[in-house]
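Order as written gives the chain letters A, B, C, D, E and F; numbering starts at 1 within each chain.
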Amino acid sequence: MENLTSLWHSTGIYNFTAGQAFMMLVGFLLLFLAIKKGFEPLLLLPIGFGAILSNIPVAGIAEEGGILHFLYYGIKLGIFPLLIFMGVGAMTDFGPMLANPKTLLLGAAAQVGIFASLIGALALNVIPGLEFSLKDAAAIGIIGGADGPTAIYVASKLAPDLLGAIAVAAYSYMALVPLIQPPIMRALTTEAERKIEMKQLRHVSKVEKIIFPLTLLLLSILLLPSATPLVGMFAFGNLMNACGVVDRLSQTAQNELINIVTIFLGLAVGSKLSAEAFLQVKTLGILALGAVAFAIGTASGVMMAKLMNRFSDTPINPLIGAAGVSAVPMAARVANKIGLESNPHNFLLMHAMGPNVAGVIGSAVAAGVLLSLIK
Amino acid sequence: MENLTSLWHSTGIYNFTAGQAFMMLVGFLLLFLAIKKGFEPLLLLPIGFGAILSNIPVAGIAEEGGILHFLYYGIKLGIFPLLIFMGVGAMTDFGPMLANPKTLLLGAAAQVGIFASLIGALALNVIPGLEFSLKDAAAIGIIGGADGPTAIYVASKLAPDLLGAIAVAAYSYMALVPLIQPPIMRALTTEAERKIEMKQLRHVSKVEKIIFPLTLLLLSILLLPSATPLVGMFAFGNLMNACGVVDRLSQTAQNELINIVTIFLGLAVGSKLSAEAFLQVKTLGILALGAVAFAIGTASGVMMAKLMNRFSDTPINPLIGAAGVSAVPMAARVANKIGLESNPHNFLLMHAMGPNVAGVIGSAVAAGVLLSLIK
Amino acid sequence: MENLTSLWHSTGIYNFTAGQAFMMLVGFLLLFLAIKKGFEPLLLLPIGFGAILSNIPVAGIAEEGGILHFLYYGIKLGIFPLLIFMGVGAMTDFGPMLANPKTLLLGAAAQVGIFASLIGALALNVIPGLEFSLKDAAAIGIIGGADGPTAIYVASKLAPDLLGAIAVAAYSYMALVPLIQPPIMRALTTEAERKIEMKQLRHVSKVEKIIFPLTLLLLSILLLPSATPLVGMFAFGNLMNACGVVDRLSQTAQNELINIVTIFLGLAVGSKLSAEAFLQVKTLGILALGAVAFAIGTASGVMMAKLMNRFSDTPINPLIGAAGVSAVPMAARVANKIGLESNPHNFLLMHAMGPNVAGVIGSAVAAGVLLSLIK
Amino acid sequence: MTELMSSGIELMFAGMSIVFLFLTMLVIVINVMSGLIQRYLPDEEPVSSISIPVAQNTATDTSYIAAITAAVHQYRSTH
Amino acid sequence: MTELMSSGIELMFAGMSIVFLFLTMLVIVINVMSGLIQRYLPDEEPVSSISIPVAQNTATDTSYIAAITAAVHQYRSTH
Amino acid sequence: MTELMSSGIELMFAGMSIVFLFLTMLVIVINVMSGLIQRYLPDEEPVSSISIPVAQNTATDTSYIAAITAAVHQYRSTH
C-alpha cells in the first residue's frame, strides 16, 4: 500500500509541471519537423529527443548524474562544436571559391544579418519584460551566421541559458532557407539580373587547395586570434581532406566522428530546452530576430553582388549573393533553383558554392569579433 | 645488484596473491568460453581480458591512474550501458511485435524470473556468511531480465560491488539459453501445443514503426519515469533507425559507436572482477540465482502463452513464450528450433521475435520499478 | 576608437612573441614534411597542426579551457597511447615471427639503441646548459624504440616537458628509416651475407596466433608487470583480431577508433610544442640522440644476426636484423629493398616482419624496465 | 530478515503488477495507434511523403512558428 | 539602455569592418597565392610529387634537421 | 654526475639483460607452444571448431559453472 502510494508519487503524471509538458510538446514538434518535414533532421531529431528526455519529471536525465548532463560538458567545454567544425571542414571543397575569390565579399556582406539582429535584440529591450544583455544580443545575432556549430560555440560562451532556443532557431531557419530567401531574392533583383550567365570556373589545382586552409588560418592568427579555435579546427579538417596523405583520418573525421559528436551534441543541446530557459518572451524575440537576421543577411548578399557588378566587368549573378549567408549547401541550391526559373540554361550551383563556403568563414570571423570584443 | 633485487621485487611472480591468480584463471576461462565455445564473445572476450588485466599485481591497471579505472567511469556514470542500449534500439525491428501486440504480455510474464530470484536472494540470507541487502537482491534479480546493458545499468546503481559477477552471470546465461530453455519448454508443453501453427503476421507500416518508440517513451514517462533513461535511449536509437531520415547517425550508433563502447564497457566490467569482490560465496549464490531466474522466466513465459490460449481464439504456440526473457535473438531462435522439431513446416522465428523484443521492454520496466522503489 | 585599439591589442600581430613565431614555423615545417615528403603523415600532420594552434597568441587553445588542453588529458592519463597500441595490436600479424621465433632475438638486440642513447643523454650533461635527469634520459632513450605510442606513453610518465620533442623526433626518425639504415646495413655486412637466401616460412595455424598474445601477456605478467599496460592492450588488440569471433570489434579498433584517437593524440602532442619547452638546447640534444639511438639499434640488430649465424646452421640474412628496431613496416621494407639489390631473387620482406614486430615487443619490454626501475 | 523478506515480496507484487499494467497498456495503445494509422495514414502516403524534398512543404513554415509562439503564450498566461 | 545601444552600434561597425577587412585581405592573398602557384607549381608537378614514395626524397633529410637546429640557435641567440 | 652515470650504466645492463631474458624465454615458450599445438591441435580441427554454432556445445555448460564453483571453493578454503 505504502509502495503503491510511493509508486504513484513517482509517476510522471503525478509530477508533471505545465512547463515540462509544454517543452515536451516542443520536443515532439521538433521531431515532427525533422522526420515529416525533413527540417535539418540530423540535428533537429536529436535536439527534439533531448528536449523530451530532459523534461521528464523525476528522472533527472539532464540533471547532475544523468547522461544528458554529462554530454553537455562536451558543449560547455567547447569540444563538440569544434569537432563538428573539423568534420565540416573535411567535407568542404573550396575549389569554386578559389576559382573566383571575389565571391568571398558576398560571404562578408551577408554577415550584416548578424550585427543587424544584434542591434535588433538590444532595441527589443524597450519592450517591458525583455532584457537582453550585450552578450545575449551577440549570441542571438550569430543565428544570422546560418552556421550551426558556430552558433552553438558562441552561444555556449556568451549566453548558455539561451543556447537551446538559439540552436533551435539556427537549425530551423537553415531548414527554412528555401522559403525565406526566394521572395527576398526576387524582390531585390530584376529579371535581367537573374538571367546573368557567369563564365565557367577555372580548374583549381591540388596545391592551391592545400595552401588555402593554411593561408586562411595564418590570416586569422595575425588579425583575429579569437576566431582561431573555430577557423583552426575548420582549416585542420579541410587540410586533412585536401592534402590526400591522411585519407583515413579525413574519412573518419567526416563520417563516424562527426556522426558520434552530432548525436551527443544534439541530445546535449536538447537538454537546454528546459521550461524555465525556453518558455520566456525572450524565446519569441529570438525566433523573430533569427528570421530578421536571415532576411537581412540574404538581402545584403544580393545587394553586395549588385554593387560589385557596378565596378567589375565580369558580371556576377546577384542571386548567388544570397548564398553568402552559409546554410551550406541549401542556400546555394536555392540560388541555383531561382536562377533556373529565369534562365533554364544557367546553372549557378557551382558559382553559388563560392559565397556559400565564404559565408562559413565570414560567420566564423564575426564570431571571433564578438568573442573578442564582448567581455 | 640492488637493481636486480628491486627488479625481482617488482616481478609478478614475487607479488602474486592467490586471489589474483584465481581471478586470472577466471579471466582465461571467460576467454576460452568466448573464443572456443562462442559464448557471447563480443562481451565475454573484453570482460575476460579486463579480468586478467585488472588482476595483474603491481601494474595497477584497474587502480587510480590505470586505464581500466578511467574506463570504469563510463559505467559508474551510467553512460556506457545507455549508449549500448541506444545502439541496440537502432538494431531492433519492432515489426513482428507490432503485428501481434498481445505477445507483449509474454514479455511481461517472463519478468517473473527477475522478482523470483530477488526473493531467492533474500531467502539465501538464511545461509550463514551470505548477506544480501535488498539492493543486492534486486541487482541479482535483474540477471533474469536476460539483457546485458539493463543488468549492468541496474547493478552499477544498486550494487557496484557485485557488478562483475552479475555481468558475467547475465552474459553467460544468455549464451547458455540454448541449453537452459529447451528442457523447460518441453516439460511444460504437449506435443500438440508445440505443433500449433500461427497465422502469418500482417505487414507493419513505416509510420507505425516511427510512432511506436514515441508511444513507448510516452507511456514510460507517464507511468514510470525511473525507467526513462533506459527506455528513452532505446527509443531514441529505434526512432533514428525507423524514421529513415538520419541513416548516417543510425548506422554509426549501431556499428562504430556501439563497438567502441562495447570494448570499453567489457574491459571496465572486467575490472570489477577482483578477487575480493568475486571470490566470495555470494558469487556462487549469484550464479545459482541467475540460473533460477532464467528458468523461472522461461517457464512463466510458456505458461502465460498457455493461459492466453484459454481466452483467445487465435492460438499462440506456447514455445514463443520462452522468448519473452529477451536474450535477443538467441531465445527466439531456440523457440523456432524446438518448434521445427515437432512440426517441420512451422517457422516460429518471426512470431518469437515479438515476445523477444517485448522482453527487453519488460526488463527495462522492471529495472525502472527496482530503481524507483529501492532507496 | 576604444574598440579599435582594443581590437588592435587583440590581434596576433600585436601579441606575437618570437618563440611563438618560431614554433609556428616548426609546425609548418612538420606539415611540409608530412604532406610533401610523406614523413609519417598520419601523426606528423596532426602534430604539426597542433603546434601551430597551440602557439597562437591570445587564443589560448592549449591553455586551460582550450580544446587542446582537454585533449591532452588523453595523453596525461595514458589513455590515447594505449588505445593506439590496442589498434596496432589488432593490425599486427605475428605469423612470420611465430614461424621463425629465434628472430625475436634480433628484436631484443636492437633495443641496445634505447639504452645507449640513455647513456648518451647522461653524458651530454657535461655540456654546460644541458641538464638531463635520469627520467629525461630514459624518455629520450625510448626514441630508439622506434615505436610512437610506446615513446609517447613513456615520455608522458617520465618527462612530460620533453614529450613534444620526443614524439617529433620519434616519428621523424621513423620516417627517415629509409635514409638512416641503409648505409649502416651496408657497412656492417659483406656482399655474400646480403645474398643469403632464407628458407620459406612454415604455415602458422590459427590456434598458434590465438595462443601467442596470451602467452606474451602471461610472460609479461610474471616477469615484468610494469610493461603490462602496453603489452596488455597490444595483446588484447591482437587477440581480438586473431580469434575471429569479434571481428566487428577488431575492425573498429583498427579503423575508426584508432583514427579518432590518432587525430586527438596528434593534436595533443602538438600542444606540447611550446616555445619554452621546445626551443632549448635540450631539443638539439634530443634530436642528436634520437639519430644515434636509431643508428645503434640498427647496427645491434645486424650484428646480432651475424652472431646468431655463427651458432646456427639455418642461416639468417643479417639485413633483417636491422628491422628489429620496429618502425613497422618501414624497416622491414628497407631490409627487403637492400636485399633485392644484392640478390634480385631474394625476397626478405616476410622474414624481416618477424624481427620487425619483435622490435615492438622488445621496446615495450624496455619501456617496462624503465618505468619500473626509475622512480 | 522477515522484514527484509516482506519488503521483497511486496516489491515482487508491486513490480509484476506494474510490468503487466505497463505492457497491457502498451498493447492497448499499440492497437489504437495501429488502427488509427491503418485507417488515416495507409501505407502508401507516409512512405512517399517522407521522401519528398523540403522545398515543397510550403504550408508548414508559418504554422511552425505560430505553434511555438502559441505554446509560449499559453505557458506565460498560466504562470 | 542608450549606452548599451551605442556599444551595440559600435560593435556593428567594428565587426563589419573586420569581416570585410578580413575577407578582402583573403581575396588578395588568394589571388597572390594562386598566381604564384600557377606560375611556379603548375598542376602536373605537385600532384605527382605528392605521390612519390618517401625513399626517393634523399635531399631533404639533412636540411630538415639543419632547419630545426637553425631555428633553435636563432631563438637562443635572440633571448 | 658520476653517480647519475653509474645508475645509467647499471640501468643499461639490467635493462638489456631483462630484454634478452624476456625475449629468449618467449622464444622458448613459443617453440614449446607451437610444438604442442602442431602435435595436439593440428590446423584442421581448431579452425572448424571455432566456427561451429553455439547450440552444439552441450558438453561445456555444466563444466563451466563447476569450474567457477571449484575456483571459489578453493579460494575460500585457502583464505
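As a convention for this text, a residue touches a chain if its C-beta (ideal position, glycine included) is under 8 Å from a C-beta of that chain, and two chains touch if they have at least 3 such contacts.
Fair warning: this is a prediction, and the values are worked out from it, not measured in the lab.
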| item | value |
| --- | --- |
| Most distant chain from chain C by Cα centroid | D |
| Numbering shared by both copies at the chain C-chain B contact, with half separating same from different | different |
| C-alpha-based rotation, chain E on chain F, 0 to 180 degrees, nearest 5 | 120 |
| Remotest chain, chain B as reference, centres from CA atoms | E |
| Chain centre separation in whole Å, for chain F relative to chain B (CA means) | 30 |
| Centre distance in Å when chain A and chain C are each reduced to the mean of their C-alpha atoms | 41 |
| Rounded Å distance, chain B centre to chain E centre (Cα mean) | 55 |
| Shared-contact residues (touching 2 or more other chains) in chain B | 3, 7, 35, 38, 223-224, 243, 245, 256, 369, 373 |
| Residues of chain D whose C-beta touches two or more other chains | 11, 14, 18, 50 |
| Chain C to chain F touching residues, read off their complex | 98, 101-102, 104-105, 107-108, 111-112, 114-116, 118-119, 122-123, 125-126, 133-134, 137-138, 203-208, 210-212, 215-216, 219-220, 223-224, 243-245, 358, 361-362, 365-366, 369-370, 373-374 |
| Contact footprint of chain B on chain D as seen in their complex | 1, 4-5, 7-9, 11-12, 14-16, 18-27, 29-31, 33-34, 37-38, 41-43, 46-47, 50 |
| Footprint of chain B on chain C - complex, ascending | 77-79, 82, 210, 214, 217, 221-226, 228-229, 232-233, 236, 239-240, 243, 245-246, 248-249, 251-253, 256-257, 369, 372-373 |
| In the complex, chain B residues that touch chain C | 3, 6-7, 10-13, 15, 24, 28, 31, 34-35, 38, 41-42, 45-46, 49, 52-53, 56-59, 61, 65-67, 70, 255-256, 259-260, 262-263, 267 |
